[in-house]
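Next, two complexes with chain A in common: one pairs it with chain B, the other with chain C.
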Partner chain A sequence: MGLITDIRDSISRSIASLFSAEDPKRIGIYGPPNAGKTTLANRIARDWTGDAIGPESHIPHETRRARRKENVEIERDGKSVTIDVVDTPGVTTKVDYTEFLEHDMEKDDAVRRSREATEGVAEAMHWLREDVDGVLYVLDSTKDPFTQVNTMLVGIIESQDLPVLILANKTDLPESNIRRIENAFPQHETIPLSALEGDNMDEVYDKIADYFG
Partner chain B sequence: MPHQCTNCGRAFADGSKEMLSGCPDCGGNKFQFHPSETDASDDPDPSAEPPDPPAPESSVARTVGSAAATVRNLVGNSGTGAPDPDPQTPEETPAAPTGPESRSAPEANLPSTEDTAQSNARSEVVSPDEIPTGGWNPTDDTDAGSPDAATLSPNGSSTETDTGEERSAEDAGEDRPDLTELREELNDQFESIKVLNPGQYELNLMELYDREEYIIALQEDGRYTIQVPETWHE
Partner chain C sequence: MAEVKQADDGVQIDLISGERMEGMASMEKIRMILDGVHEGNIVILEEGLSPDEESKLIEVTMTEISPDEFNGIEIETYPKGDTADSGLFDRLMGKDPETKKLTVIGPANQIETLHKDETLISALVSRK
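What follows is the complex of A and B.
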């Protein structure tokens, strides 16, 4: 009697794990502010679902709440990979409303944006702890990748044993320096792209299917 | 070639004082440590080096890799409490400077073997004419990053009175008696987010990541809303 119960439990556990393995992987798009995370999220969502995820802006901290697009089905080589894309707020160690004043923003709006951006960083870190199965780490390839934020975030991602792809974005800009990003994170694969122009997205999708499929 | 500018690749001799005022070539202020024993082919003439970024196997990679490993170890130890099977050697931590602030603490953990150039750089004061004009000013960072919470004025412009600091502090206290107190309480309890001024925050990413509960809403008066894990309800 006990044996049969054990076997039944064991079978139902196996079935449960079988189904959970087929759940879409939740892929977090992380990186510092203004790296092009939302532009990439929108590019992926538009390419495979026709919808966008959120508004893009050249003003930092436009994304202040994590946004999710579920069941994005990416087809590669006759196979399809389904992921949930989570666009997260840019992670930083300092938020200062005066930065937004330079973008012709009123002080009250700038202070509010600053507060929301800070909440957004807290949310992004929380998602990283609890809710993502893999990470697309987006960097602006015209900027210096040797920063405390990048080192710390990539370190945390590695500590979680999460699969991660480093995306060197903004290759359409003349100052783009892919090599510098490859050097900063040699332990991970770096893929150059321009999310804005859609350059090299095929390789991005190939790698997403490889890493998160 | 113990140090190298991460921006242009210029190399500096160990203990070089040139670095202290930023890279003379590009003005960069980040340098990676490059132990001499790992680089057999030192180029004595820095100007002859091409500004190309170093190869992936170079110490840039190792430097960031070791910094990332440090974070990984920290997270691994604090998250699981499990012993780290591969503890880093003590020499690695000071060998991974990733920001300008790392230059300001040379006194910590002095290495036992220090050559003359290092001791020279540590003991001597750089004369003003050695510092290039327009270079990095060490007071910029330290002054900007330390606003005093006690000087905050909740009324904004109310500090124009010339009756002294105590007076304006009392005025502020009458309007919003516990504003500063609340903010300090927030800072004390949540080292993860420091409210410097309304709209100005400093975030401790490690703390934010480590906390099981997380701050979902901040208010300028220092109040906050947190979400606690479901297991806390039991």
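What follows is the complex of A and C.
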């Protein structure tokens, strides 16, 4: 009995040392373009550090480089959880520069933006395979979640055994449908929120502490 | 691969068996898929790709996108059903139903998914 207890304690200590307070876990914010990933990253960073991470925009692929905010200390129930927040470019399997022309962009700017967007998506995939310890998967709750990109990305996250929270964003919009997202990914917990308005962020922080603390 | 010469007014479809994919390395599979798609072909994989291979396919696709030439890919598999959720034990035992799903891949500007559910993928394919 004593030996088993010793082994169990030893394993617990080893696991604890892997994720010690000195080594914050990197939490990647993933999802399709325009789901509100940067709005969420900025909300988290502003709430706990006072700084933003990057510019937000309605034009797809505004975030074209993964950006990291280090040592974000989230306090819950008298305890604190320290994470690095990694805001990533929206993942897609196609980028057509002509779509940017619809946003009053000149062709040269649109082509440059599409090139940067493709580099950003490749970078995001690399981070997911190599460099994140957990994922906040952000979806626009006004949109159909049954897309191939969502199916593939959640499958990739699951195959890496990464802890993941599904965040149903944009609940401030009347077309928001949280149930549809819950049905799409029943194997994971779905948390509704509006990153823009700051609605339900307390629950988001509680769950971040539970999942990644 | 089905080496049927593409007619000027047609679209070539390559149906690739699981057996053919079995001995290939991940990058060989990705290269074969993207070479076919670059030529305007629709590639249908009997047994699909693993999540890691899908991740690499997205990454390599992004590096090959070129304005006015190649916009990327459209890819469709059946959505994951509840019963397909494999646990750690299943994976240790080599059971991974996620990699055994028919997958359709084509050039983004030539294939459009009309409908998809757990048992049906309906797509519209156009000529180049």
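The rule we apply is simple: the second predicted complex is superposed on the first by the 191 of 213 C-alpha atoms of A that agree within 3 Å, B and C clash if a C-alpha of one lies under 4 Å from a C-alpha of the other, contacts with A are read in each partner's own complex, and residues count from 1 in each chain.
One rule holds for everything that comes next: a contact is a pair of C-beta atoms (placed from the backbone, for glycine too) under 8 Å apart; a residue touches a chain by one contact, two chains touch by 3 or more.
Please read these numbers as outputs of a predicted model, since none were measured by experiment.
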Fit-or-clash call for chain B and chain C when the two complexes are aligned on chain A: clash
First (chain B), second (chain C), both or neither touched by A:A195: neither
Comparison of chain B and chain C by chain A residues contacted: B
Which superposed partner A:A122 touches (first chain B, second chain C, both, neither): both
Which of chain B and chain C A:V72 touches, first, second, both or neither: neither
First (chain B), second (chain C), both or neither touched by A:V204: neither
First, second, both or neither for A:V86, with chain B first and chain C second: neither
Touched partner set for A:V132, first chain B, second chain C, both or neither: neither
Partner chain(s) touched by A:Q148 [first = chain B, second = chain C, both, neither]: both
Candidates 115-123, 169-177 or 187-195 of chain B: the single one with C-alpha clashes against chain C: 187-195
Interface residues of chain A shared between complexes with chain B and chain C: 91-97, 111, 114-115, 118-119, 121-122, 125-126, 128-129, 146, 148, 151-152, 154-156, 158-160, 184, 186-187
Residues of chain A touching chain C in the complex: 91-97, 111, 114-115, 118-119, 121-122, 125-126, 128-129, 146, 148, 151-152, 154-156, 158-161, 184, 186-187
Chain A-facing residues of chain C, complex: 50-52, 54-56, 58-59, 61-63, 65, 67, 71-77, 79-80, 82, 85, 88, 98, 108-109, 113, 116
Chain B partner contacts - residues on chain A that touch it in the complex: 91-98, 110-111, 114-115, 118-119, 121-123, 125-126, 128-129, 144, 146-149, 151-156, 158-160, 177, 179-180, 182-187
For the chain B and chain A complex, residues of the former touching the latter: 6-7, 30, 52-58, 60-61, 64-65, 67-72, 74-76, 79, 98-99, 192-193, 198-206, 208-209, 214-220
